[in-house]
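Letters are used for the chains, namely A, B, C, D and E, taken in the order the chains are written, and counting of residues starts over at 1 for each.
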C-alpha cells in the first residue's frame, strides 16, 4: 500500500474512501443539512477521481469534467438547502423524516 | 507528487470527512467540511490542476460552505434532542458495513492492476489548453450548464419564497 | 510542488502567530471574573431580551444561493477570458465571442429575472 | 361480362338491404316495398341473363373469382362463384319466387309499423341464399348457409314484441345451429381426407368404387353433411322448428319455409351427388328418413286446424319426398320435385296469406268457410296448387312425384318399402289438402257477419303467376315413359339440362310397371281426395266417429307426437340440471376458494414489502447503496468467473 | 520549496519576511489613519508618544496584550478564539502570492566549499501559476472568520451583523470577479508577473488591425480598463468592509457587528485581517492597472542594465534592481492605502439596502457591460476592416 511513488490507485482509493464516508453520512444522519454535506463529500470524491485520472493520463478532460461536476454540485446544494428551508419553515425542525409527510 | 505530501493531505482529508459525518453539532460538521474542501484543493494543486483547485476554493470552500453555515445559523437549531443519527442503531451499523463493503469491493482489486501504475506524472498545467478544449470540445456542456444555473436560480428563489411560515417573502 | 509547501507553511505560520498572540494575552491579562452584567451579551446597556428569534430572514439564504450561481458563471468566464486572445489571433474571434455572448445572455437573463422578482429587496 | 352480371346479381340485394336497413324507422311501405322488390327484380333479370350465358358457355359453366378469402397453408378458399346448370335453375327459382313474394308482401305488410326493416331482412335473405347456391366451395356455401339461418331467425321473430314469436325464432335458430354443427364436421372430414373443399375438385377426386360399411371417411362426412341438411330442411330429428316458424309473417313462410331455404339441404346433396354416391349406406339412411318424415308429417297434417300449420307439415312431408328421391339416387327427379314444390307451395302459402289478410289475421280453418264466392282469384289459384300437390296428371306435382315414386320402386338403392311409404304419404297429402280445401273454400258460410273481400292486385298477381307456373312446370321434365306416348316426343328438358353435372342412374325397368305405378298413385290420390270431400262436406259426423274410435292415436298425432315435450324432457332439462350442478359446487366452492387464497397471499406479501416503501428517503438510499455495493463486490472480486 | 538547502532556506526567510511585512504594516497604517483622519478633520493626531506619535502604536499593542480575555457565557469557546486567528489567514496568503518586485537571478557561486547552481528567487511569497484565481479563492475564505465570530459570540445582534457582513462580502465578490474578467481579456494570463511584464513600455494597442503606439502614455492597464479599475476598487472597499461599506460594524442597533463581544488582542487581529485585505487590494490595483513594480516607461531589464552599469556583478545588480523596483511598487501601494483611508474619513455610509442594491443592481451589471465591451473591442480592433 505505501508505495514509493503515488499512483492512480492511491488517489482512487482515497476517493472511494471519501465517497463511502460521505455515503455513510447520508445514510445515517438525521439532519437534512448534514445529509447535503454528505452528498457534497461524495461529489468531491468524484471530483478527486476525475482530476487524478486527468493527471495520470495527462489529459485535460478530467479537470474539465470535475469543473462541470462542481457547478452541478453547487447547484444541487443550493436547491437542497432551499428544500431544507421550506421544511424548516413548516416544521421548525430539520429532520429527514419530515419529508415522509410528502408521501401521503 | 511526493508521497509524504500526498499521504499527509489524504489522512487529513479522511479525518476531516469523518468528523463531518460524526460530530453532533451541524455547524461544526459544516466547518470541518470547509476544511476538507480546502484540503482537497491542496490535493488538486498536487495533481497539477491549480485552476480547478482555485475554483474549488472559490466555489466549494468559499461559496457553498458559506451558504451552509449561513443557513445553519439562520435555523439556529436547539441542539437538545438525542442522537443525531436516524433510525435504530442496528440498521445504522448495517449501513456502516454496507458502506465498508462498497469501499472494500472497489479497492480489493485496485492495487492488483499492475500495469496502470506505471503512468507517468502529467505535464504542467496550462490554462490556455484548458480554455480551448472547454470552448471547442465541451461547448454544448458549457451552454447547457449556463442554462442549468439559470434554472436553479429561478427554482431556488421560487422555492424559498413560499408564503407564510416564519419567513416573510 | 513548491507553492503548495509554501502555502501550507505560511498558513501554519499565521495560525501559530495568531494563537501565540492570544496565548500570551491570556497569560498576561487578568483572569476573567464572570459577573452577571459582564456575562450578558452587550445590548448597549439595555435589558437583554430572550434570544428567541421571531422572523429569521430568508434574504441571506437567497443572496448566498444567487451568489453561488453567478459566481460559477463568472468562473466559467475565466478560461474564456484567458484564451480569448488566442482565439482572436487564430481568427476564430467571432466564434468565441458568440459562444460567450450566448452564455452572457443567459447570465443577464438570470440577473434581470433576479432583479424583477424582487428576490434581493432588503426591507 | 359474367363478372359484372354476377356482381350485380349479388350486390343489388345487399344494396337493397343497406338502404332499407338505414331507413328502418320509416313507416312508408310504398318506398321500402318498391326498393326491396326492385332489388329482387334486378337480380331476377341478371339470373335470367346468367342462365342464357351458362346455356351458351361451352361446358355449361361460369366460374367467377372475386377475391381470395382464406389462404392459410394448404387451405385456400376464394370468394369464387360457380354458375352451372343446377345453380342457374336454383337462382332462377330463388329470384323469381323471391320477386313475387316481395310484391305480395307489399300488400300483406301494409299495416305493419316496420316495413323497411322487413324488406331489408328479405333482401338480405335473398343475398345469402344466392351466395349459398352460387358458392363454388363448401365454406362459401356455409357462409350462405349461416346467413340464411340468421335471416330466418330474424324474419320468424320479426314481431319480436310477442314473446312466443321470439321464442319460435330462437328455436328455429338453435335447431339450425345443431344442423350446422353437423355440416361443419362433415366439411372438416372432407377437408381432412381430400385436402380440398371446392365442389369441382371434390367431385373429381371421388373414388370410383363405393365404400362399404359405416367407418369409411366419405360415409362419415356424408352422414354429417346429411345431419346438416336435416337441420336446414327440417327432417325427422330436427324438423320441430318449421311448424313453429309459422309465427313469422306468411310471405316469409312462403319464401323461406317453402320455396328456398328449406330446399338448401337437398340442393347441397344434389350439388355433391358424386360424393354421396360413394356412400350407399348414407343414401339408404337419407331415403328412409325422407320416407318416414313424409308419412309422419303428413299424419300430423291431418289433425291440424291452423291453415299455416297444415301447410307447414305438408312442406315437411314434401321435403321428406325430396330426400326420399335423393336417397334413392334420383337426384334429377328430386331436384325437379324441389322446383315444382317451390312453385305450388309458395302459391298455397301466399293464398293462405291473402286469406288470413282478408280475414284480419284469422288462421283457424274452423272459422273460415265458403270463401269460394268471396275470394274467387285466391280460390282458383289455390285450386291449381291443390291439384298440383295431390298429383293430378296435367299439373306439376303429378310428374315430379310419380318420377320419385317410380325411381323409389325401380332404382337399385330404393326398395318396395320406400315406395309404400311414398304412396301412404301421397294418400295422406291428398286427404289433408282436400280437407283444407273443403274447410276453407267449399264449406258453408260460418262468418256471415264479417265482410271478406278479395285482396288487392299486388297480392293476387303473384298468385296468378304462381298458379300458371305450378300448372305448366310439370312439362319441363316429362318422364320418358309418358313422352314416348305423347305425340312429338317432347324431350325431358330439365333432365337433359341437369344431366351434365348431376349423377343419374339409367333405370330400365319395364314401361308397363311404370304405367301401372302411375295409374296406382293417381287412383289412390283421387280416392283419398273424394274420401276427404265426403267426410268434410257431406257428413261431418263421420270424422268425429272416426276420431273417437282411434282416440289415443288421434290425440298422439294431434299433439305432434309430443316431440317438443320429448325434447324438453330429454335434452333441455338435464342440460340445465348439469349446468346448475357445475355452477353450484364447482364454481362457487372450488374456484372462488382458490381466488380468495390468491388474494390473501397477495395482501400478505404486499404488507411484507410495505416496509420498503415507507417514504423514508434514507432507507431508499440505503437499499441503493447496498445493491450497488453487492454488485460491485461481485464484479470486482471476479466471483462470477 | 527548492532543490537544495540554500534555496529552501532563502524561500523560508522570504515567506517569513513577507508575512511580517504584512503584519507590521498594520500598526503603521493605523498610525497613518489616525494622523490622516486628524489632518482631514483639521485636528492633531496622536503626537504625544514619541515623535509624531509613532510609538503610540507600540503603546496600543502593549495595552491590548494586557486586556482581560473575556468569552460570553453561552458562546462557543473554541470558535470564539478561532475566529480572529482565521481572520488573518486569507490576508496573509493572498499578499504572499502577489509579486512585490522583479525576480532575483542569482548565478552560480561558491560557498562553504560547494558550488551552488544559479537560482531564481521570485520576489514574492510563492509563485502561483494561477495568480488571480488563487487570490480570489483565498479572499472568499474571509467570510468564515466573520461567520464564526458572529456565531460564537452567541449574541443575536452580532449574529445578524455577521450575516449582513457576509452577505455584503459575497455580493461584492461577484462584482470583483467580473472586473477581473476584463483584465484577463486584456492580458490573457492569470499570472501576475506576466501582467506586469505586459505593462512595460509605451501604450500600444491594435486599432482596426494596425498597431498604434502612443509614446507619451505608459502601457498600463488603467488605459485599457478604466471602468474595470473603478469597479475593482469599489468592490475591494466592500470586500474589506471599509468605510462606505462598513455598515455591519457601525449600524446603530448592531453596535460593532460581529466583533461586538471581542476586545483586546482579538479585536486587534480582526484589524490586522482588515488591513491585510486592504494591503492586498491596493497591491492588486497596482499590479493590474498601474504597471506593478515597473517604472512607467522603463522595463525591468533596462533598470537591471542601469545598475549593472555601476560595476555590480549580475546577482548584485538583480538584487539591487529588485529592491529598487520593490520601492516603486511600495510607493504605489502606499498611494492606494492613502486613498482607502482618505475615503474612509470623507464618504458617508450607505444604508444596507442601498449597499446591497449597489452591489447587485449597479456594480454587477456595469461589470458585465465592461466585460462585453472589452471583448467586443478586442475582437473588433484586431480584425482588419479597412
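Following the convention adopted for this analysis, contacts are C-beta pairs under 8 Å (C-beta built on N, C-alpha and C of every residue); 3 or more make two chains touch, one makes a residue touch a chain.
Here the structure is a predicted model, which is why all the values come from computation and not from measurement.
> What is the set of chains touching both chain A and chain D?
Touching chain A as well as chain D, we find B.
> If you average the Cα atoms per chain, which one ends up farthest from chain D?
Comparing chain centres, E lies farthest from chain D.
> If you average all the Cα positions, which chain's own average lands nearest?
Central chain is A.
> Counting C-beta pairs in contact, which chain pair has more, B-C or A-B?
A-B
> Counting in whole Å, what is the centre-to-centre distance of chain B and chain D, each centre being its mean C-alpha position?
The computed centroid separation for chain B versus chain D comes out at 91 Å.
> Using mean CA coordinates as chain centres, what's the gap between chain A and chain C in Å?
21
> From the mean C-alpha coordinate of chain A to that of chain E, what's the distance rounded to whole Å?
Computed from C-alpha means, the inter-chain centre distance equals 34 Å.
> Between chain C and chain D, what is the separation of their C-alpha centroids in Å?
Spacing between the chain centres: roughly 100 Å.
> Where in chain B do residues touch two or more other chains at once?
Residue numbers touching two or more other chains: 1-2, 51, 55-56, 58-59, 62-64, 66-67, 70-71, 74-76, 86-87, 95, 99, 102, 106, 127, 130, 134, 145, 149, 152, 156, 160, 166-167.
> What parts of chain C, by residue number, touch at least two of the other chains?
Where chain C meets two or more other chains at a single residue, that happens at 3, 5, 7, 53, 57-58, 60-61, 64-65, 67-72, 75-76, 78, 82-83, 86, 107, 114, 123.
> Which chain E residues sit where two or more other chains touch them?
As it turns out, chain E has residues touching two or more other chains at 128-129, 133, 163, 166-167, 170, 173, 189-190.
> Kindly provide every pair of chains that touch.
Going through each pair of chains, those in contact are A-B, A-C, A-D, B-C, B-D, B-E, C-E.
> Applying the document's contact rule, which stretches of chain D touch chain B when the two form their complex?
Counting only chain D, the residues touching chain B are 616, 618-619, 622, 625-626, 628-630, 632-633, 636-638.
> In the complex formed with chain C, which residues of chain B make contact?
The touching residues are 1-2, 5, 42, 45-46, 51, 55, 58-59, 62-64, 66-67, 70-71, 74-76, 127-128, 130-132, 134-135, 139, 142-143, 145-147, 149-150, 152-154, 156-157, 160-161, 166-168.
> Sort out for me which residues of chain B touch chain E in the complex.
Per the stated touch rule, the residues are 27, 31, 34, 38, 41, 50-51, 53-58, 61-63, 65-66, 69-70, 73-74, 76, 125, 127.
> Which residues of chain C touch chain A once you look at their complex with the stated criterion?
So the residues of chain C in touch with chain A come to 58, 61, 65, 68-69, 72, 76.
> Going by the contact rule at the top, pick out the chain C residues touching chain E in the complex.
Touch list, chain C to chain E: 2-3, 5-7, 9-11, 13-15, 17-19, 21-22, 24-26, 28-32, 34, 38-44, 51, 53, 57, 59-60, 63-64, 67, 70-71, 74-75, 77-78, 81-86, 88-89, 93-94, 97, 100-101, 104, 107-108, 111, 114-115, 120-123.
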